[in-house]
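Both complexes below contain chain A, partnered by chain B and then by chain C.
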Partner chain A sequence: MSVVEDVLPSRFSISGMDARRKITLLVTILFFAILIFATVTTTGFYSVQNFKAIITAAAIVGIIAVGMTYIVISGNLFSLSVGITAAVSASTFIWALRFGLVGAIIIAVVFGAVVIGLQGLLIGFTGANPIIVTIAAGALQEAVAIWITGGVSVYPPENSPSFAFLVSPLFGIPFPVYVFVVAVVLGEVFIKRSRFGRGIYLMGESPRAGRTAGLPITRLTTGAFVVAGVCAAVAGILIGAFNQSGTMTASRTLTIDAISAVLVGGTAVIGGRGSVVRTAIGAIVIATISDLLLLRGYSTPVQLLVLGVIVTVVVILSYLNSERAGRS
Partner chain B sequence: MSETLRLETQGITKTYGHLHALNDTSFDLRVGEVHALLGHNGAGKSTLVKILSGVVHPDSGTVRIDGEEVYPRNPRHAQDLGVALVDQELSLVSVLTVEENLRLGSRRVVSSEELRTLLDTLGLEHVKLTTLTGSLPIGEQQLVEIARALSRDAKILILDEPTATLSEPEIERVFAAVRRLAAQGKSVIYVSHRLGEVLTLCQRATVFRDGKVVGTKDVADLDRAGIVEMMLGHLPDFRTGSEKRTPENPQRISIQGLSIPPRVPAFDLEVQGGVIVALAGQVGCGASEVLRALAGLVPNARGTVNLNETKLPLGSAVKALAAGVFFAPSDRKEEGLFLSHSIVNNLVATRLPRVSRGGFIQKSRQNAVVMKLLGLTGIAPERRDLDVGVLSGGNQQKVLVARGINQPRSKMLLFDEPARGVDVGGRADIHDLIRGAAEQGNVVIFHSTDLDEVFDLADVIVTMFGGRVVSVRSRAEATPAAVLTDMTHGAEGISA
Partner chain C sequence: MSAQARMKPRFSFAEPKWPVFLLLALVILTFAIPPIFNQASSAFTIYNVLQNTAVLGMVALGLGLTMIVGEFDLSVAGTYALGGMVAVKLGTGNPFVGLLAGLAVCVTFGLIQGLIIAKLKINSMALTLGGYLVALGLTGTIGNNKSQSFSNYDIGIQLNQPIGTVFSIRIFIGIAVFLAVFLLMNLTNLGRGMRATGGGRRASRTAGVRVDAVVILTFGASAGLAALGGILQAYCTATATSNPGLFPLIFAVTACLLGGLGLAGGRGGAFGIACGALTIAMLSELFSTVAAPQYVTGLFTGLLLIVVTTAASPYVVRKWRERRIDRSLKIESKALATSDSSSQS
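Coming up: the complex of A and B.
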């Protein structure tokens, strides 16, 4: 009667899944509560203009967060330097416009993929701590960028090709939003359906079991970081196009925003679980909250404070859930 | 052992939803008796143990200790009633000293002298009370765990699979301690899957099946086949000799001078596919290391390994898998399975290329592979999307073994303790899966510390001790006594 043993724990596990669903539910309820609250109290929230502002703000962070999701699911915590890479990619893109628009995009994307991919290679090959590696890599990128540019902003060359369409509305919606949607759809399909994505999920759940099962740990880790690098570079190109220049200060809070989007979406910090779509929802939630605070005249520190509180709550909730799941 | 009853349960029933974990169960335990509880996983023995130790409350029925009706409310109350449970998993704190562990959570005031005497009676004369518990070998930690239970002044000691992780000499020490305790009038309930141990150690055995007691018998009147029949309800087909397998295109492996620092200096073996080879030895004999090295999991392994005249690269699990080598580790929870992933994901984890096309997983291919494997393992297809972590140990192990079999490109399959912690029925299924793999011409090598398993499965028995091969025998010419002697290499105190 192995039925007893098999059936009982599975009931626990369903309650475990319920707990995870509860988080999603909570985020959703929170989201709608804020929306309703906003309808009643904040003037100017319900306007096409404002929605565009929210979705545009969510787009840039969201694109970076799509890549970050790959790193988190692969079990490698976070990259703490994607924001810097995005900023350097922006400068790279602006500088590379001298090779034409397509050339500039390719150069910037390759730059992002290589810089962050190398970090993944190091982490995957040596098992180094991703937090430390990515902090070091961030400092290195910043230093080299300032050294090369002399600390001043990078501007497009004379007779640069036009890149304004990258941030202009298309059918009334800003172009970056389309890029965001494409990134989410591609990112989700790729991680859920591809062999590489399956490997990422398995390795994220248990790197030891992954190694024993013969999964290519180094290749998978590098791959997850390359995806993050491509995403950071794409976001960087849009940032550069928007500012019409490249500067290191363009991106201070991008990394923490992207991490927050992943966490608020409910992707587990411990890896092996989560999805890109969840991250997209997280990015929109955060953008909405920031927008509300802005409309109500709160300063940037207050926005950061609220973000910090939300992320902390989500982290505590997901910790409680994993504890409960672990005990059963 | 006297005829006086220490413990008596009558009509115990416990249901979970509509499932009877225990159905009208009666059981008794004499003073000074070692009494085995036997049965499949889920047969009901664990539930009885939990009721006696106050973890679970019965729906109905009575428990009497020394004739007095009692009702263990919680583990602490059970402790006060004189019932102590030593769980399968060690619960000692490794950074505390032996004495601190013995006193942890105890309500009795015990002098250090008493604790000292207690350790001595368990054969731990050489262990100081001030020793850090984590620095002791696992077997001695198990004895400290027993000492802790006894320091609570237990009359009834429940040992749940106490030898699962121990080597033969360590088991012998636990046995000696149990015998001594019984002689002092303590009553011991001994839960085990290892029939050989039960026959050696216990006076009576109670067999559970489907939540009911099948019967209680004197061990003297029982043999292995008799117990298995009671457990299964029918006589299984016990293989007495190895049958000839003649696969069409057998694989060949030749291992020369395989060295795995620091444990294995040099290991040589030549095997042809279709033959199942056992590396028999205790924990620490080096067999595990050999399997891990062949699977590419030991970076500093050196030597020449030829698989069908092609050199097998060492030190890369990815390359080993690509060369057709599959390995199932002994620790299925930590290293083997992806516990919060589905049965499906686990079964295809080692064959992602085969179920993919152009880098994407093909649902149809995945389904075909999974249905085939579920058919072979006897796991119901509708459970395929359950997380592996919620399955019973036996089914988890089946998934782990099934992951390696039935691969068109497989050449060599390696199993480290393939039926660890699995009940008799599950073990038979797992052994059948492994035999099937051998029939397909694969080289099959497994490591086991369990003689029953070695003799049930192997065609060739290689004994190992201290990192070296002691003997190589065919199944036909090997005897349990000879194999056990080689495994322990003249170590004293073996009685099997």
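Coming up: the complex of A and C.
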């Protein structure tokens, strides 16, 4: 990727490029200035307990966002229902505890991989619009979940194995954080070092060129969505373990948080560029913002508003800095 | 006379016809299926369908216009909520002030989105996702994160009052708006400019269409129409909801795709969108007539959306075109063969 970045600026007038870079730099500095100012002026932000809350929140959102990164880099925009799949996976996990802990984890992960993977298969094979397909799939999952559960929360079976360790601290750090770190490392290595990962970058860079070059578009798209499904399911298992039950309300802003994390990390909306590590940083930033708003007593709509402004600004900047601006 | 002669060729109805047949099929089903469940559809069913279409059809019309120019406005689900909330908050004294305020806020919102999309060539789905969140966040912030009730009940009662069994003022407003957009699309240069823009940006620009202006206006119109739907809904139920969820958007996308619009743009129009919206409204009314649980409706809308999106996908569209070309080639070769044999003899 770096080669492309080195070569391309010469196509543009230097002054034009500079202005774009300047705007981006200015906005980034302004953003972090506001963020730091907010952390200093918010009482209760600088405490060990609060930092733990932030990294736990960042871990859950981050795990989902790792999967979302694959979808965005593959050039399929976003999935608008990974949060719902995470919530349904949580219920699936809690229900499946009757088959033992390992069985429950496997069932939940397979569930997430299949549900989101099927959407990827449909999108990859037919070229159907990813946003609409994922919205529809979300509505479908919600309906089926209500059908099966009757709209009530799912609780663990009587003789359920203990799963408390999934959310309790290990060496003083909450367990989900370890899972998050593992997901980021695996996700980053897999997308950067494997043939599959490079295929995803190439496909995202230019689907048409990829098709002409003989890239297996259907398989790559399905693969990217399967990764997203596994990540959503893993996050779902942690959510289920944390709540000790499964409900649909658990999903509220997860999808949007994950999308914001990917975008704030600087992964390009149009695909082909970005990384899982960037997303991890994005997830921590998003979790910090949510935490700040919560500490200052703002309600969910204000969080949505702030996320909306951030997403809008990042999307605009991402296009300003893209060499494909004006062509897509 | 000369004016008429000039007008006549100008009117061009370039929409697919099959949405009408789909709608007719559903009308028949709506009356044929309930008796199986010992229920019956009546004039009231039609009234309900029209009432729902008057509100959600407006959102579909807004989204549809952006689809025709080759864009996609996800934020209609947000401006739908925002319009209703602003109108309810500011319209307590005079509902018209609320209506104008709601429309003004949302049209401005849409024009800004359109400006950014047109000038920076940003993928409209990505940008309007941000816009959706901003609109929803604003709605919730204005409404304190809960539903706001509207103290002026009279306006709702007047709007909903049945006229001639199956109509109401609300329905007449819906029909008027659809008719206005239909005429605008088919009689004015703007309408043709919209279709042309959706068909091909570069060609349209070369042909003298002011593509950027068309895109900006279209996003203003889509936000305005969605807001109008939201305001009608809020006034008629005397409440503005803080977060209506994604259902209005799902309804709108399905209506547009069933109405013959494509995601690539350039195809379809207000007539098709009306047919599509009526079709889904019929479908959900059918479910409530046979007293199906809420999740069944959700199940069907989800499935239906997946099916129509797949049917509108590049792969299926290409296969469909290939088949049509094959068929016309076969007819042509057959004609050639017969003319050959006749010339030989």
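Note that the second predicted complex is superposed on the first by the 284 of 328 C-alpha atoms of A that agree within 3 Å, B and C clash if a C-alpha of one lies under 4 Å from a C-alpha of the other, contacts with A are read in each partner's own complex, and residues count from 1 in each chain.
In this section, a contact is a pair of C-beta atoms (placed from the backbone, for glycine too) under 8 Å apart; a residue touches a chain by one contact, two chains touch by 3 or more.
Note that the structure is a prediction, hence the values are computed from the model and not measured.
J.: Answer with first, second, both or neither: which of chain B and chain C does A:Leu77 touch in the superposed model?
T.: So A:Leu77 only meets chain C here.
J.: On chain A, which partner's contacts cover more residues, chain B's or chain C's?
T.: C
J.: So in the superposed three-chain picture, is A:Ala128 touching just chain B, just chain C, both, or none of them (first/second/both/neither)?
T.: In the superposition, A:Ala128 touches chain C alone.
J.: State whether A:Val277 touches chain B only (first), chain C only (second), both chains, or neither.
T.: neither
J.: Pick one for A:Leu118: touches chain B only (first), chain C only (second), both, or neither.
T.: Neither partner.
J.: Under the stated touch criterion, which partner chain does A:Pro301 make contact with: chain B (first), chain C (second), both, or neither?
T.: Only chain C is touched by A:Pro301; chain B is not.
J.: Touch test for A:Val185: chain B only (first), chain C only (second), both, or neither?
T.: Touch status of A:Val185: no partner.
J.: Figure out whether A:Arg198 sits in contact with chain B (first) or chain C (second), or with both, or with neither.
T.: Touch status of A:Arg198: first partner only.
J.: Mind working out whether A:Pro216 is in touch with chain B, chain C, both or neither, as first, second, both or neither?
T.: first
J.: Of the partners chain B and chain C, which touch A:Arg208 in the superposed model: first, second, both, neither?
T.: first
J.: Taking the stated contact definition, name every residue in chain A that is touched by chain B in one complex and by chain C in the other, in rising order.
T.: 325
J.: Show which residues of chain B lie in contact with chain A when the two form their complex.
T.: 16-17, 19, 21, 40-44, 209-211, 295-297, 317-318, 320-322, 327, 329, 334-341, 345, 349-350, 352-353, 356, 359-361, 383, 386-387, 389-395, 403, 426
J.: In the complex formed with chain B, which residues of chain A make contact?
T.: The contact residues of chain A facing chain B are 1-10, 12-13, 193-196, 198-199, 201-202, 205-206, 208-216, 272-273, 325.
J.: Spell out the part of chain A that touches chain C in their complex, as residue ranges.
T.: That would be residues 77-78, 80, 122, 125-129, 131-133, 135-144, 146-147, 256, 259, 269-270, 299-309, 311-313, 315-316, 319-320, 325-328 of chain A.
J.: What residues on chain C touch chain A, complex-wise?
T.: 72, 74, 116, 120-123, 125-127, 129-141, 143-145, 242-243, 246, 249-250, 253, 263, 293-299, 301-303, 305-306, 309-310, 312-316
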